[in-house]
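Two complexes are shown next, each including subunit A; its partner changes from subunit B in the first to subunit C in the second.
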Partner chain A sequence: MKKSGATAGFQAAAGAGVIVALMLPFSRGRLEATLVGHVLVQMPLLVLAGWLLGSALAEKLERVMEQWNRFGVAGFTFAIFVMLFWMVPRSVDTAIAHTGYEIFKFAGLPCAGAALALSFPRTIPLLAGALKAHFVSMLAVLAWLYTAAPVRLCNSYLASDQKMLGAGTALFACAFAIYWALGPLFGLPKPQPTIASGAAAAREAPGGARI
Partner chain B sequence: MLRTAAAALAIAGILGAVLWQGTSGLRAFTTEGLRRLSVMEQPRPLPNVRLIDMQGRELTLPDELGRAMVVEFIYTTCPTICVSLGESFAKLQDQIWMDGLADRIRLISISFDLARDGPEALSDYAQARGADGRLWIAVRPENDEALRALLTTFGVTVIPDGAGGFVHNAALHVVDRQGRLIAIFDIGEEPQVLAALRRQQ
Partner chain C sequence: MANVSALVDRSTAVGAKPALTAVKLSMGLGGLALVLLMLLGLCMRLAQGGLLSMEPELFYEIMTAHGAGMVGIAALTGAGIMWFFLARHVQLTAAVYWLMLCCFLLGVALVLGAIFVGRFAGAWTFLYPLPAHSGGVWETGAAAVFLAGLLSIGTAFLLFYLETGRAIIARYGNLSQALAWPLLLRGSQDDAPPPAVVASAAVIVFNGIGIVVGAAVLAISLINLYAPSFTIDPLLAKNMIYFFGHVFINATIYMAVIAVYEIIPEYTGRPWKTSRTFAAAWSAIMLMVLAVYPHHLLQDTVMPGWALAIGQVVSYAAGLPVIVVTAFSLLVYLTRSGMRWDLASALLVTGVFGWTAGVMPAIVDAVIVVNRVMHNTLWVPGHFHFYLLIGEMAMAFGFMAWLTRADVPEGLPGASYWGFLAYLIGGTGVAVTFLIGGAMSVPRRWAVHVPEWFMQDRAAAFFALISIIGTIVLLGRYLARLAAAAKA
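Now for the complex of A and B:
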């Protein structure tokens, strides 16, 4: 499972490239013009970019993670709080109006993605499963909230946008649920070795495991 | 494991504080909620801007000092929510006349559509909605700068709806006799608005 330097380099470049592309005024303006673009395209891409960077750094950070992020507990805590913050409608509104929030978004979400990439391979299947189940159900609740809310939740976006965000979030929830169910149901994707069982195992497969 | 626990606790503490701050202590999850909460806790003085009324006369908000006010934001070509705002104002107008407070209160409809809403459009709007021109007047800010100052103070966000109109967070804004925005209510909460106005007398 040892990752080659080339793979790590490619992941790092791809992650950084996505973040830079999203920071360009053109893509920022386009994506933030609609709720779907802002919440379902830009934000997940920032997390994904962070995931790539985190995977690329996994080997280098192995020792630190072993000490400070056993079973991925610290990383998950970080990612959960950052994602909670960006689920608050007011945060989405404020990101458009205030540069400070926008900077926090562009820094925090990639860090959350990196934290997830550094934590999932270290955790136990039970915790990973619980987090995935919780994530899917939370998306479903958000989808319902955005679809059914009788008022506009963001002052900067249209009510029709909010409904579309609800529908899109429901799709996301379904997609994640199906993707994560495929493994246990059909053996796809391949079962992964976990490296949480100890430092010895970790040395054999440093950060190479995927979910 | 001890270090991991310490790291997790520290992260939860710091980011929990950020989340607490970002939701005003879990009390305001939307921008609209924050605006209402913050006005109640800290009344906002209105900016000193010049307005033009439906007869083309100039007035400034401080001219109205000494009277409590209810302010709504409108644009005269608005087909939907402004109609319900207008009905809301009509109800308030009737009740205030009945209470005998008409000379101590102002109802002000402020247009944010500077391109289209001149005195004539405002006058038509006032007539159509039943604004009497004494208690209830329709105005527009003198220029863009004045409009921006007003929208910022009131916390009103106006966005184009893609069909030539606008969408905005419509509400009934209560201003006290010292010219400070003190409370924000939803359309349909006229009894609460009247109660707030009576407390000002």
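Now for the complex of A and C:
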């Protein structure tokens, strides 16, 4: 399935635009003022921006991905590690205090998003489904973790912020669960790569094997 | 046993080998584990009846192994059935079944290690805060290994549902098509899915949700073991655990009944079709299975009243649709069909009626007024032994008998007949003695019983022995025939 150049251009512009908008001192200050704004708005938006950029580049990177990102394994591994890093309260805290961390965040999360965008279309449904199910239950666990934490976890944020973050994460978990359930329930049929057909299609046609 | 193998290897819709060996292996392993765990059940009954002296610690280890193991067996045999018949209609990837089996066995090893090496004895329901507060009976590590084992088993079934779901979507477009919603809403559907697909789709949806919730509460419990200051709201934990537990154990029968839909038509010569009622029943069940679990919390007075009211009301309703549709259709199909009885058909029909009968005491107990008296008495094991032993496992043995049937009508000759009868009478006896205990207000999960209760404990042990003999006959027949087919 070829994407028109216009779509790719639009996605790239939107992705870059979101990142720039998030970097502006005004929005940075506003969002990082609260834990919810920081973790549940800014960070997901950075990942989303990366996703848009990644989708825009998908066509160009087809060759490379073909060799280095079979079934999205490399991309997922990278994205998981970046997200694990930013799941730790200490990292969130340090991003406020140290510019180096902040820069790493603004670079790393979009890269994780791009990696996801370049990996989901090439993976097998089994892996994609397992990751999604895992993600939802991890969000639920995180929601509990932040709500149940007996101490303040961040120097820069209030303990009450943690409770709000917990509640927000629970909402996120529900939203993702519902969103991901709608596709299999009502979605339009899509061609699916399987282990066998995916590999075969990948061998035959560079640029194929996309869902 | 001539020509057993010819029938064992049946061609499928797509011709691919749908992990037939793995399914046969699952059923065999399930059968063997069943015999062992039934023996443990017998030991528990003997201990309660004062005929076998057993330390309470050991009793609870055995009870944990028996509960977790039986739930696992029911799930594995149900999954084997669902996989086998789904492969007739959609294209499944055999490797995923093997992967599922590996994760499952890894989980079993962890669970057994936690119980018999680590001495974990907190019951299969791992209800918070018991795993974390053993009173010195087991170490934190043992509880952690147990929870990790359950997580591994959960992962196994997650993979199973992802693959079966993927294959169904590849064939039918999406799950609402596979649930026959167009038929349900408009009265017609081109390419309407067969009952096996409708049932599978419903199970995938509700058990998928159940497993995700289960994984979350397992992970939370694990973290809490090592970081006790992160406390869990016990009521929330109980809600999540019983949601998961109720959905998971129910799914086992809803998977096993697929064997009835697919096999009975071979006997009656009348295809089992997806009707509008059938589709409605399965969709209703899909939603209600998720909504009825509060019937486990009827004595938790801190629960909101509306949740308990839902638990009670939906329990009446949830018991009914699929059972009524299945049992009623079965009767219609059977009447004047001139069906020949053999071991497979006898067990499958028994399964449907065992399931139906077993649900009745469950519905009774879900009435709040009754529950006030019956909660946590042996009435509870009474109903679930009924529909697991005479329902789910009977369907599983029916499937196994059918897998290994000969190509000439066999009827129900000597050994098969007596094995079947022993299984049926013994199993019913096990369930009914539990129900009697419940009616006498004997509490469930008590290692030590007072002499006034010994009568029903000992009667139960007697019936258990008979049912174990029956099981050994049925399993022996299956294994012997597989061995014969392998040699031929």
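To be clear about the criterion, the second predicted complex is superposed on the first by the 187 of 211 C-alpha atoms of A that agree within 3 Å, B and C clash if a C-alpha of one lies under 4 Å from a C-alpha of the other, contacts with A are read in each partner's own complex, and residues count from 1 in each chain.
Here, contacts are C-beta pairs under 8 Å (C-beta built on N, C-alpha and C of every residue); 3 or more make two chains touch, one makes a residue touch a chain.
These numbers come from a predicted model, not from an experiment.
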Next item on the list: With everything superposed onto subunit A, say whether subunit B and subunit C fit together or clash.
Entry: fit
Note to self: Applying the document's definition of touch, where does A:F186 land relative to subunit B and subunit C: first, second, both, or neither?
What the structure shows: second
Notebook entry, point to check: Given Cα centres, how many degrees, to the nearest 10, is the angle at subunit A formed with subunit B and subunit C?
Noted result: 100
Notebook entry, point to check: First (subunit B), second (subunit C), both or neither: which does A:P121 touch?
Noted result: neither
Note to self: By the touch definition at the top of the document, which applies to A:A148: first (subunit B), second (subunit C), both, or neither?
What the structure shows: second
Next item on the list: Tell me which partner A:G129 touches in the superposition: subunit B (first), subunit C (second), both or neither.
Entry: second
Notebook entry, point to check: Does the superposition put A:S137 against subunit B (first), subunit C (second), both, or neither?
Noted result: second
Margin query: Between subunit B and subunit C, whom does A:L158 touch in the aligned arrangement: first, second, both, or neither?
Written below: first
Checklist line | Minimal inter-chain CA distance - subunit C and subunit B, angstrom | finding: 13
Item checked: subunit B/subunit C common contact set on subunit A -> 151
Next item on the list: Name, in rising order, each residue of subunit A that touches subunit B in their complex.
Entry: 67-71, 73-74, 77-78, 81-82, 84-85, 88-91, 93-94, 151-159
Next item on the list: Note which residues of subunit B are touching subunit A in the complex, please.
Entry: 1, 3-5, 7-8, 11-12, 15-16, 18-19, 22-23, 28-34, 157, 159, 161-162, 167, 169
Item checked: Residue ranges of subunit C in contact with subunit A within the complex -> 93, 95-96, 155, 158-159, 162-163, 165-166, 169-170, 173-176, 205, 208-209, 211-213, 215-216, 219-220, 223, 229-232
Note to self: Going by the contact rule set out above, which residues of subunit A touch subunit C in the complex?
What the structure shows: 125-126, 129-130, 133-134, 136-138, 140-141, 144-145, 148-151, 177, 181, 183-189, 192, 194-195
